[in-house]
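Read the structure below first, then the notes.
Chains: A, B, C, D, E and F, in written order; residue numbering restarts at 1 for each.
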C-alpha cells in the first residue's frame, strides 16, 4: 500500500490536520511525516495494519506517558485498523512487564478515557 | 492458558534457567517473574501469543538498546509463537518512527545476528 | 509481611480504589498489581518499608516527569511509611545527579505541591 | 564567563525566581543549580552560548515531553542567546530522527505555542 | 559533611581516578563532578549515606542498563556506606515494578557479577 | 542541499555501508534512512551542518548510553562538519545537566576513545 491507502484506513484527515497545524511554522512537516511513517513503514508488506498498530500501542505505552497525545491518536488508528477495545487494553497492560507499572497505568488511563468519550465498551 | 502452557510454547526451559541463575541470590525471583509475566499477562485471553510477542518486540526496541539481551530472548519466543523472521524485522524497523533511528538500528542488529546464528533467512 | 499488611501501612484504600477504577475495563488488574507490587516486592523481608519507599521516590523521579501521578501517590505512601517531608525532598533533589535537572525539578514541583495541599512544612 | 554573566544574557531573573520558588523548601537549591548549570557548564569556554542553547533544545526534545516546562524555559534562553525561531524549530524537528516522532511533535507544540504567545513569526 | 568526608567513606580514590581519566581531555571535570555530586548532594544533612546510596541504586536500575558502569561503581559505594548485598539485591528487584523487568534483570546481573568477583555472599 | 551533498560532507560511505549491512535483510532500509535523516532533516536550510551535528551529539548523549554506536558514528560526522574535538567534549559534558551524570560520562568515554584511536588531541 502507499501512504494514501494506509491513511484512508487509519485516519483520512491526518495529512490535512498535520498540514494545518504545522506546515506554516515548519514547511514540509506534514509531507515528511506522512512519507516516513505511512509510506516507508506502515505501507510496507509483510505485517497487516492491525498488528502494526497494536505494536505501536505497545511501544508508545512502554516509552512512558510523555507520548500520551500520540497514544490517544494511535488508539483511534488501531480501532480503525480493526482492533477491539479489549485487545488494546490487553496490550497496554502487558507493557507493565516491560516498561513498568507507571507507564502501563498511564496508558490505561488514556485508553479508558478515550473509550468512554467514544461510548465504546472497554470489554468489547 | 496458565503460565506453564504459555511457556511450553514460548520457552519450556525458561523457568529452570531463571531459577538456576537467580534464585540462590534472590529467593523467589523465578517464581515471581513467571507468575507476573506469563500467568498474569501472556496467559490472559483476548490476544494471541504471536501478537503479544510482536508487541513485546516493539516495546523492547523502542525502549532502546539497554534491552538488547531481553530483545534477543524475546525474538526466540516470538519465532516459537509462530512469527516469521521478516515479520520481526518489519516491526523493529517500524519503531524508527516512535523510538528513533538509534533504537531501531540497535534492534535490527540484535535480530540479524540472531537469525544468522540460527541459520534463518531474514526474508523468510 | 503480606500485601494486606503492607497496604495497611502505606494506603489501606489502594486495592479498592484500583478495583473501582480499572477492573471493569480490565478484569483482574487490581489483584495483579497488588500481588506483584505489594506481595512480591514490598512484602519481602530484608529492607524496611520506609527505605523501600524512598527508593521508589528516587526511581520515579529519575525516570522523568511522565511518572508524576505515581510520584504523588508514592510520596503519600512514603509519608505513611514514616519518612519526613525533608527526607523526600532530599532524595528528589539528589536525583539531579543521575536523572538530570529537568527530572529533579519536575519531582520537586510534585512534592512541594503535595506538601502544600496537605499543610505539611517541607522542612519538617 | 561566570554564571552571573551567562545569566545576564540568558535570563537575568532566573536565580531569584529559583530562590523564591525552591529555597524555602530545599535550602541551597538555587545556588546549587546556578553554580552547576551556568558556572560549571554554560560558563565554560570553547562553545558559544547560542550553540550551547541549541544543543540543550535538542537534548530536551529528544528526552521526551516530560521536559516540556524546561524546554519552554530554554527556548526563551535560546532566543536571548541570539537564535531565531526558525533555527529552534529546525533543531526540534531534526530530533524526530533520534528521539522519535512523538518527542519531536511534543517539542514542536511547545515551541509553536511559545512563539505564538510572544507574537514571534515562527519562520523568522 | 563535605565532599572529602563523604568520599572518605564511599570511595577515597574517586577524585584522583576521575582526574586521571578525564581532566586532561576536559579540564575541571573531576572537580565539577565531585563538587556537584558529593558536596552539593551527598554532603547534605537529613538523609544518611546508606539510604542515599540505596536510592541511587534504585534510580540507576530503573533508568535502564545504559547505566551499568555507574551501577557497578555505586554498588561498591553502597557496600562502603554499610549496606548488605541482600539489601542491594532487594532494591534492584523492587525496580521491576517501576522500571520494568528488563531494567531490573540487567541490574541484578551487574550486582551478582560484582558480588561474585568480590567473594561476597549475595544473601548476606 | 540534498542528501547526497550532505553525505559528501559528513560520510560519503554511509549509504553503501548501510545498504551492505541491512538491505538484504530489510529491503529499502538504506534508502529510507538516508532520505529521512539526510534529505528531510540535515538537508534543510536554516541551520548549518556543524550546528546540526553538535545538536545530534547532545541528543544522543542525553538519551543515554544505548546510543553509543550512533554517538561514535556521529562524532565522526561532526568532525567532518568542521567541529573541533574540544567542542564535542564540551557539549557532551554539558549534557550532565540535562541527561544526568551517567549519560554524560558514557558519552565522554565514547568520545575520548574515538579521539584516541584517531590520534586527535581532545583539547584541540
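The definition used in the following text is that contacts are C-beta pairs under 8 Å (C-beta built on N, C-alpha and C of every residue); 3 or more make two chains touch, one makes a residue touch a chain.
According to UniProt, the chain labels map to these proteins: A, B, C, D, E, F = Carboxymuconolactone decarboxylase-like domain-containing protein.
If you're wondering where the values come from, they're calculated on a predicted model, not measured in any experiment.
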Both-way neighbours, i.e. chains that touch chain F and touch chain E: A, B, C, D
Taking each chain's C-alpha mean as its centre, the one farthest from chain A: E
Most remote chain, CA-based centroid, reference being chain F: C
Chain B and chain E: spacing of chain centres that average the CA atoms, whole Å: 30
Inter-centroid spacing, chain E versus chain C (mean Cα positions, whole Å): 22
Shared-contact residues (touching 2 or more other chains) in chain D: 36-37, 44, 60, 62-67, 70, 90, 93, 96-103
Of all residues in chain E, those that touch chain F in their complex: 22, 24-27, 29, 33, 36-37, 60, 63-67, 69-70
Interfacial residue positions of chain A with respect to chain C in the complex: 64-66, 89-90, 93, 96, 100-103, 105-106, 108, 112, 115, 122-123
Partner chain C, residues of chain B touching it in the complex: 28, 32, 35-36, 40, 44
Interfacial residue positions of chain F with respect to chain C in the complex: 62, 96-103
Complex contacts: residues of chain D adjacent to chain F: 36-37, 41-42, 44, 46-47, 51-52, 54-63, 67, 70, 86-87, 90-91, 93-99
